[in-house]
Amino acid sequence: MTELLRIEDLRVHFQARKGLIGTIPVKALDGVSLTLEKGKTLAVVGESGSGKTTLGRAALRLVKPTGGRIFFDGEDVTNLPDSKLKKFRRRAQGVFQDPYSSLDAFMSVSQILEEPLAIHSIGNARERTDMIHHALQDVRLSPVEEMAAKYPHMLSGGLRQRVGLARALILRPDFILADEPVSMIDASSRTEILYLMRDLQDTYGIGFLYITHDIATARHFSDRIAVMYAGRIVEIGPAEQIVDEPLHPYTVALIKAVPEPDPANRLRQRPVIPGEPPSPTEPPTGCRFHPRCPSAIEGTCEVIDPPLIEVRPGHHVACHLWPEGVH
Amino acid sequence: MRGGLQTALTELLSSTTGKVGVTFFLVMLLISLYAIITNPLDFGTRLWNNPAAWADNPKNVPPAWTGIFEGSRRVNHTVFEASEPTEVRNTTRGIESVYTFNVDYTFDEAPTFTSFSIQNVTYHGSPPSTSVSVMRPDGRSLSLYRFVVPAPRNGETPPILRYQQTPFRVHLSGEPSVAVNVAQFLQDEFQVNISSSRLVGDIDEAVFGIPDTQGGGFQPLKGEYQIVVVARSQNERDSIEGVKFVLGGSQFGMMGTDSTGRDLARGLIFGFPVALAIGLITAVMATVIGTTMGIISGYTGGKTDILIQRFSDVLSNIPLLPILLFLAFILGQKLWIVIAILIVFGWPGMAIVIRSMVLQIRSGQLVEASISLGASRWRIMLRHIFPQMAPFVFAQMIFFTPAAILAEAGLSFLGLGDPSIPTWGQILDQGFRTGAVYVGYWWWVMPPGILIVLTALTFVLIALGMERVVDPRLRTVRQ
Amino acid sequence: MSLLDVRDLHMHYATQGDPVRAVDGISFQLEKGQALGIVGESGSGKTSLSLALMRLLPSNATGYRGQVVLEGEDIVALRDEEFRRLVRWRKMSMVFQGAMNSLNPVLKVGHQVAEPFLEENKGQKGKKNLRKEAKERVLELFDLVRLPREAVDRYPHELSGGMKQRVMIAMSLVLDPSLVILDEPTSALDVSIQAQMMNLLKDLKRDLGISFIFITHDIALASDICDRIAVMYAGEIVEIGNAEDMLLRPQHPYTQKLLNSIPRLESNEAPQFIPGAPPDLTDPPTGCRFHPRCPFAFERCDRESPPVFTIQMGTNEEGLMTRCWLLDKEKR
Amino acid sequence: MSIAKTLAIRGLTLVGVLFAVLVMVVVSLGWTGFSDRMLTAIVNEEVRGLRQGLAQTIRDVDEIEQAIQEQRQELEASYGLDRPWLVRLPQMIWRVIRLDLGEARTLKTAEGSSSITSLIGERLPRTMLLVTTASAITAVFGLFLGVKLATRVGSRSDRIASLFAATSNALPAWWAGILMILLTYVILSTFGVRVFPPGGMYSAPPPEGGLARLLDLLWHAALPVITMVLISAGSWTYVVRTMVMNTAQEDFVTVARAKGLPEGTVMRNHILRVAAPPILTGLILGLASSVGGAILTETVFNWPGMGRLYYDAILSADETVVVALTFMFTLIYVTARFILEVLYIVVDPRVRYS
């Protein structure tokens, strides 16, 4: 397996205003490391404020990292100036959460799909039309001619998101960041988009960074899962292992919080973690999950920040409960 | 839906207010074209503010059409002009060129004045003389006025030219020699004894009437009059090119006249292109600058943003009217200066709104998506951000237009208009300052005001028609 | 007698063309202390149904008709003012979708919760006493929904999304209604907060004996609290029954597909999707409205609208009520 | 951003506005040579007076010339003409900022004082009388009508009101004033009805007695006030209507209705309370800018207020008065803006806490 994207100790801090003149750092990402292999999908699962979206934006170099390194296909792109990013931009694409605001409402589908080709000066008018039609076929938007002439507001959320996918696809990228691509789409059509993404991955060998709050879709549509909490990765490993045998108490809670359609549900209370996620301006000391953790070890968890250690092959967790690994 | 501007136009034409506004606008555009084609560009200095150009017009008279509503017939303003004599007689006393003008006098009152003028006189030898007399319907004939063209000055050699630029013009109604002649006439024909000095002012009543038996006044005498002008010269090469007799009306043209006799209709028509130019130039410039600054400020951020933001904050917080008045006064009453000031104080408000819109758009995912495609910041600003704001910008521009027109009109009304370019505001100002309002010369103050309001309203209506484009909440609900 | 008996309820929206048939002949019953889930995709008319029940008719609503019998009284027949005074919040209240926009940004949340109470008891006691009583009531409710007491003096923007939703729940309970309509009460919340909220609702249902109508697009979430589940499609209820039957033995192809589309955590079974999109409600398909997307559709489905077939499951006497021609044993 | 910071930035901006206006005024006076021309004219005027006086006492022409030269230099020095405007005018700014406004050349108060401070003291209340009365009437009228219309958006009355608003937006104040004079004074008086006087502040001679004088004042103020109301009521109503309409579409208003609150309570507590800050903004801004707009109305109605004073000062090229009044107009406007910022914070908790 060859590595496509490697992120090392990535930090993204923003400045928030506080008081009359003071500012305070918001640590959206605070030391995240991960790798994505070519043609594979890594899901990043977390709740709002966990930093998963910032991670995705940093991976596409939409925000400048405060610290750490980003390697794309072996090349360090962490601090490349905008002028030298064009090659990277051609190979790394994004599909964004909001199918309503991520497409230009004043452009037709064919104009939207022509944008990337125009930006990178690819093909002549004829070739571009062919490429556009091909991309539309790829995302199963048919009839192609008819769809190309439509404007975004004529399409449903699901169809718009396919246009977004086609736009990302038309440059034949090696990497696509999919930031909550289905969270604003009806449950019944979510699966369809996710299957489509998987088919495209199989056809073109694209590596996906799939950012989601929904661990259930992550289980079915990714190879590995990283669970984020308060700007950190708390657990990362093979998708099925993470869901079937979660190690971090937060992962456990997250999985238990997801309702499955079961008539017995209503007769029992759901095990939940109390409280709300911490403010990113003042994260708790030690393990950031400790104030909400049911298994917090007093004297340890609030003091020592647990490192991410490999407890099983390819399965890392940052928790004091697993000091030596699982055997 | 293709492009923001086209959406805006479609939406605009689908609303009633929009349709009315656009129709008004097109009519105004046509009138403006007509005004520009039919008038010299230095209309203001050459005609409008040149009293000589309006000397033959009656002063302060209402529009001709108002006569319809009157019980008695008022005098139509009539100008009789001839460049060729009706008849040339060779007499013992010289060559007599006779110019006759027939007047069908059916009015219930005397003319407001009568005047006589000649132009382009050429003579060789002794100067020609002219005389004006009237043949009345009652068969009586009255010799009014006699005039001898001034003799050559020392050193002048024939041909002697006179009255080339400005015609020789005599206001018969106020001319003492005419009064003497008329007094004589009254004495001879009606045995009415009025001294010539008392008759001045009543000359036209006497000429076009018969003395009242009871009072001291005159009754208008209706019927065919003939004005006979005889020019007598001694040389057959002598010539008079323009002979003019004006029967001063008590009503005039489409819009009446002001206190200097100016044809208000012409001034009002000329006001159309001026008002449109003021409004559109100001609005286009202010919106273009405002939009550019707003987009740059919002998208670039950082120091540029703070600089533009503070600058426009300061400018937009300045109370406009006092400053406008002050600057127009100090920098001189030039239209372009007024337009420049309006632009300078107009764009910041626009820039502030555009900036906040850009910030909103920038926080949306479209910009992020475009960056990740590799688009340059200029491409994003031009292709993605600007089109989204285009309808709003367009609407703002339309909204700005009446504001500029009203501001200029206000300034003109305070006497700070550009005298070389007449505007509706200036006409109103003159009407107000000469007291036209208090004596009820409505035709002087109403039409320019109505035109200002109509013009402003045109743009307000168009802007209202675009409300739906600008405020998405009002767009037709899509299910 | 059921707590709520809805019979043939309609509400359409006027458009420039044909009306949108958002609620098109809905009938169901709800027993006291029970929770009924109304599940459907967006555009199925489920939110319109809640507005129709609360009689919060949008300005372009037309054809509002049918019967809504609440505690024995047909509230559709009431005049607007009577409905406001007698029914709203007193018998039936609602927790709206999107707590962030449902609270007035310039009023303290405590006051907003107390408002219906103050209105209800207006003029009965001294102003001061009423204020005090209202405050006590609000504090009691805040305890009940597990909100910190000091939150009463906060403005909405000072609270997190979860806290705002708790405020909304407290508000819905202030006049002790017998029925609370919950319209996607957790859809904007994170899963862990959502789970907290569902636990709270379960407690309230058990402790206060309140009946819920729980509106959601997520049938799994509905299973968390609902005794009965109704599935809506294109303005109609296509299947309704108790939670066991609906979740384990659904008869309507749409319900089956809806269940299959959920990615399961506990099994490796791959989720399925329903091809196509929900129909345009200004011009719904002829016959069964689901037939263009239905894998089992046959000729009759296109022609005739299926009636309700009641299927006895043996587990209980009530059974499933399903609108599908597949269940027509005789004429198949 | 904290409130203190927001207010500080706003305050600084507004001080910047004052400063910018003064600099602009001074630069345009100096750079165009206007100031020099005006001052030279004054000096020449005084010198001519001097020459006449000297001619009677001194015989020798050269002696006179010399004496006059000395006097002229003294005068020029006292007016600052011996220094370039870049040096002279900043002192003027500094004086004005300290509210030491100086003396008017020809304009005087009724008591004969030519101090600009007392001129403003005399004129400002008269302007405020017009402006505040008109604004109060407009505000009340607009609020009632606007709220009414917002409840029936799209109805016939709504459309009529929109049209009225559009027209009133397009109606210049001074022309409306002229129309008013034409209508009430000219036309009605031809039928022998004397409704309102066409201008001025008191009848000539003013009636004796406090009450009679007050009534006379109000009688004279009526026409200008009606005019001001007429031109601002339309757009104001429309603004209120739109704000109320926008707020009424918010979700929390639906919630308030669902709570069974009576329509009146919903309107008061949930719609108006939320729409109040922008409405208040509009009101105060309208008030502040109508002080400047009063220049036109006061000119039409010959009302001796601040606006008329400014106009007269400009016509008589009284530099000191123009600078002082420009500063005052800006000061009033800027103060109103600042009060607005503070009020906003009081009214809207969202601003207070964010």
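In order of appearance the chains are A, B, C and D, and numbering begins at 1 in each one.
Quick note on the criterion: a contact is a pair of C-beta atoms (placed from the backbone, for glycine too) under 8 Å apart; a residue touches a chain by one contact, two chains touch by 3 or more.
Note that the structure is predicted; figures quoted are calculated from it, not measured.
Undergrad: Indicate the lowest number of steps between chain A and chain B, counting one step per move to a touching chain.
TA: The fewest touching-chain steps linking chain A to chain B number 1.
Undergrad: Which chain is most remote from chain A in terms of Cα centres?
TA: B
Undergrad: If you average the Cα atoms of each chain, whose average lands nearest the overall Cα average?
TA: Chain nearest the centroid of all protein C-alpha atoms: D.
Undergrad: How many angstrom between the C-alpha centroids of chain C and chain B?
TA: Taking the mean C-alpha position of each chain, the two centres sit 70 Å apart.
Undergrad: Using the average of all C-alpha atoms in each chain as its centre, how far is it in Å between chain B and chain D?
TA: 31
Undergrad: Which integer distance in Å separates the CA centroid of chain A from that of chain D?
TA: 58
Undergrad: Please output the residues of chain C touching chain A within their complex, sorted ascending.
TA: It comes out as residues 35, 41-42, 160, 162, 190-196, 198-199, 202, 217-221, 223-227, 242-244, 246-248, 257-259, 261-266, 268, 270-275, 277.
Undergrad: Over in the complex, which chain B residues touch chain A? Could you list them?
TA: 1-4, 7, 364-366, 368-376, 379, 383-384, 387-388, 478
Undergrad: Quick check on the complex: what are the chain B residues that touch chain D?
TA: Against chain D, chain B makes touches at 17, 310, 313-315, 317-323, 325-327, 329-331, 402, 406, 409-410, 413-415, 428, 432, 437-440, 442, 445-446, 449, 452-457, 459-461, 464, 473.
Undergrad: Under the stated contact criterion, what part of chain A meets chain C in this complex?
TA: Against chain C, the touching part of chain A is residues 47-48, 156, 158-159, 186-192, 195, 213-217, 219-221, 240, 243, 253-263, 265-266, 269-270, 272-274, 276-277.
Undergrad: For the complex, which residues does chain D have touching chain C?
TA: Within the complex, chain D contacts chain C at residues 250-252, 254-262, 265, 269-270, 273-274, 347-350, 353-354.
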